[in-house]
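In the two complexes below, subunit A is the common chain; its partner is subunit B in one and subunit C in the other.
The block that comes next holds the complex of A and B.
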């Protein structure tokens, strides 16, 4: 979307990030590294349980200390220009980052809003959390945000309670809330998965417009490769807590290098590619491995058609640079890439 | 909603009938007529029979009960057998005393239970203390807690008077000094129950997505806890407040006699011992009415706390 931005300004740099849940010692993230530039849309794709949402929560500092331990580094350039290390940042400073420098929207709009406060109050609360404005200004601002989100009757929506709104409306409210402090990075965790397709398209459209207008970077977490291809400048593919392929969206989707990415592409239903055209859906056999009992070697090898015994089940591949400005985690990518 | 409140209040009629009938038949059927008690153990059979005839105690119980009920419906609750005051004269001066310590105890218990268990700073210390206190409140009988408080605050520290009652007109400070220990004593059990109920709900609500969203806005732990988790966790506590009136009466009986407070609780005990059923049943009716009113009030509070709940 922002190919015209010549100077790439680094906004977020995640380096060697690992997360271990304390309750079951599961390593949900293993050595995750990527960067997001200012104004860039990065899609984070993968199956459920691959660590996509955990990555988003880690950036927001929303993995509670008692819940998960983090190691590695998440560096963010704040609005002030200050470069902050978010891993291990004191809670009171993290609080001034959340909702202010980085905002997040979640998968289930139906349960994202507090049922006992009006929509207006909840947006106003987000504004007042970071901006010292008189109450009347805060309310004007909340109303303006609802208008931007193309909500039909903003004044009525303002005084409505969440249960009076549809899922699509609630997700619009969530986006309005997330944008309230003009964050430089928005973490969107499957924001349209729970919505009807038509509503999904409207919301994605709006999000795209807002993103361009505000020059905001977006980390778009999704399992929908079509959406990722439409929206993203770059793609990160996650599998079992690791990034297995990363690169420019057009490159990755037109010529996937890692067998897992190729598998994801083939397991996607497409209109017009029916049986007659020979474009059948080819699901990846098996399921996402149990993170507590990961296979040895490449974590994908038990499901991979290209796996070679004695090699793929022994050596854990590193994320190495491949052609077209991407990186891939596969021992055999040179041999199997057509 | 008005119609619903009306319907709820009508349940006073069947509940009132059942409670007064149970009180009347169990006490009269099990222990005997009031006349024996009024005249003492050395009274002659003739004297007892005479008194029974005078008061109509010799008629079938069902007749006596229906007669009482008929008069009660017209507002006439009769006279006390022991003091010969009208029931209203016996009860009305004592009612505010019990209402005051009862309401204060419930309010204090609700406030303490929800506040202590919502504290987020120093949570590792406060939470186990809140739970420990709750267990103490539930397991220790009222009178032991009362005696413990008297020992600590009156005997050892000498801060508060041990027993006795000082009406408001003797001075606000003096009054508060006298009601503090009874209120603490009476609230201990309710604090315990409310705390356990509240903590279970609080922990469940904390895991809901909107709490994570509230944190994602950049709110502090305290703001998240008190603005979003607490109001969403308080509904079961309100239900328990509505249901706890029965136990409150039981607690009031013990607390009032321990602290020598002239309330309804003490009167109820005296009236049961004396088979003084006009007083006894009037108190029964008061409890029934309060329970029904409180439960209806709890339902109304629901709709205020949570706009999703509609009464219809």
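The block that comes next holds the complex of A and C.
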């Protein structure tokens, strides 16, 4: 996919989204804005607690049941062509959005599978919930989904219970279930983080094939920058509840503009660049701030080598357009970009 | 064997094997055995960092724990400074605990929540006989906190008040407290965020270089491992597939499993310019591992002969060994 293809069909537009958890008054998201076009793969990266899962859950309408208060807007173009505002949408309508337009997969598939029903029953139920098919066809469709997820013996998997499957197989089943509604947007929250690399490679490969075949958009949440660089068209970098850099993946990873993104890239050992090859890593000093006591001004300023007292600790930078089709939240990006 | 020719080895492992019994029924009879580690041999030179790579369940932790005699081997030999550790009596074992320490993966589970940071760091020293509350002990704690870049006032804090990175610093300070010669670092940075992970890697690297610490560095992250290690050993289903200089193993793997493992790293294809290899199938059960080469069920180069005998580790280049019968590959 390419960002400068002329016709881009807008699918999801998040605008000024903020989220505060009621239990602890934590403001997990502050003024988050981004868009996802139809068929596009967008990676949402950031360290633990930066708000990645909260963003995914907000899109799925899974936050509002009293848990968090949301402001701002999440607009989705539905299959029917209707443009729906998801913030504040009534639960029965949100359920229909979840069944038809968006689906989500999680890091731990066990939490979303019911241990007492067979895999087949659960997939069949998911299919029956959003497609009007006779019973026999439902079963065929379930087997088809298991087959396209490259499950070696779909018929055997169909009659298995979740605990009888390996972690990798459970994740495939989860993806198959999520795809049963033929969503236009899949929110994938660290779906392969708990898996071994060789199994991760299989599943990512499979997911990529399905994504391209179905023209489905994916919001891929991960803390693995290498994985994001590998699979995404565009990338969003989050820090302490805000998007601090966004843009085409190749641009952001090869020439990061925001000092935090640049710091993340330098923190990471790269394969083929070990000690023997003279490789260097350079950590970012300090740790992520406590969301209940955020630094003033730019939230990254206590850790930033480019911070200027009187400026960075005072003024909150806006996410502004920068070169290469990206957006950057930094007061000094023009001065510090080489 | 299976070491660099030069230098004395601090740790010398031969034919190391561990089988766990799986018991069933009212009489807890042994129903099956997990082949966790099978016939593994390697040496670690003084001052060297040996990386131990492999996927989940490949036997990395089991090897690390056997080397420290936290669990007993089923068979094989582990020599530490030339002495067989299985033969240690109580006094020698206590001294050994002062020479060899472990850093675990999960800094949340490896600290006692009721102990202060100071008490946690002092624990191995007290086991070695240093008096609680003595000025030497206080002095040593202060030095150790400084070595891991924590403020002196951390002494009185409790684990719940610390971030993951801070806890891992405390765990490292505790392991270093007795001035060990050898450390098993079992996934010491796997649970940490990238920016914090880099801080801890940098810390371990500095400490290791400064005191010439010998280390077994366990990780499933090959980029982190390559960065930290002088040599890398690759395990699959409890068996050693390949061992050699870190850069060679990563840049020019000799074993089909290592090739696939490296190629599965998301940005490896881009960075090494090699074609992506995607393994089919899953890791077989360690209760009934495949006969012959344990990797044959997933190996794209497997021949009929691969199911016959277990391939021996053979030297393919100086100091670089592989356990694969085929010489016409890679």
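Please note the rule applied: the second predicted complex is superposed on the first by the 325 of 338 C-alpha atoms of A that agree within 3 Å, B and C clash if a C-alpha of one lies under 4 Å from a C-alpha of the other, contacts with A are read in each partner's own complex, and residues count from 1 in each chain.
Here, a contact is a pair of C-beta atoms (placed from the backbone, for glycine too) under 8 Å apart; a residue touches a chain by one contact, two chains touch by 3 or more.
As the structure is a computational prediction, the values presented were derived from the model and not from experiment.
Asks: What does the overlay on subunit A give for subunit B and subunit C, a clash or a fit?
Replies: Once subunit A is superposed (C-alpha atoms), there is room for both subunit B and subunit C without a clash.
Asks: For A:91, using the defined touch cut-off, is the partner it touches subunit B, subunit C, both, or neither? Pick first, second, both or neither.
Replies: The answer is first: A:91 touches subunit B but not subunit C.
Asks: Angle at the Cα centre of subunit A spanned by the Cα centres of subunit C and subunit B: state it in steps of 10 degrees.
Replies: 80
Asks: Looking at A:174 after the superposition, I want to know if it touches subunit B, subunit C, both of them or none. Which is it: first, second, both, neither?
Replies: first
Asks: Just checking: does A:116 make contact with subunit B only, subunit C only, both, or neither of them? Give me first, second, both or neither.
Replies: In the superposition, A:116 touches subunit B alone.
Asks: Just to be sure I read the superposition right, which of the two partners does A:104 touch: subunit B = first, subunit C = second, or both, or neither?
Replies: First partner only, subunit B.
Asks: Determine, under the contact definition given at the top, whether A:196 touches first (subunit B), second (subunit C), both, or neither.
Replies: second
Asks: Tell me the contact category for A:136 with respect to subunit B and subunit C: first, second, both or neither.
Replies: neither
Asks: Check whether subunit B or subunit C contacts more residues of subunit A in the superposed model.
Replies: C
Asks: Pick one for A:62: touches subunit B only (first), subunit C only (second), both, or neither.
Replies: Touch partner of A:62: subunit B, not subunit C.
Asks: Just subunit B (first), just subunit C (second), both, or neither: which does A:163 touch?
Replies: First partner only, subunit B.
Asks: Can you give the closest approach of subunit B to subunit C, taken over C-alpha atoms and in whole Å, for the superposition?
Replies: Here the least C-alpha separation of subunit B and subunit C stands at 6 Å.
Asks: Check subunit A for residues that touch subunit B in one structure and subunit C in the other, and list them.
Replies: Touching subunit B in the first complex and subunit C in the second, no residue of subunit A appears in both lists.
Asks: Would you mind writing out the residues of subunit B in touch with subunit A in their complex?
Replies: Those in contact with subunit A are residues 208-210, 212-221, 227-228, 231-232, 305-308.
Asks: So in the complex, which bits of subunit C are touching subunit A?
Replies: My answer: residues 55-56, 163, 165-166, 193-199, 201-202, 220, 222-224, 226-230, 245-247, 250-251, 260-272, 276, 278-283.
Asks: Name, in rising order, each residue of subunit A that touches subunit B in their complex.
Replies: Listed in rising order, the residues are 60, 62, 91-92, 95-100, 103-104, 106, 108, 111-116, 125-126, 129-130, 161, 163, 174, 177, 181.
Asks: For a test of understanding, state which residues of subunit A touch subunit C in their complex under the given definition.
Replies: 47-48, 152, 166, 168-169, 196-202, 204-205, 223-227, 229-231, 263-264, 266-277, 279, 281-285, 287-288
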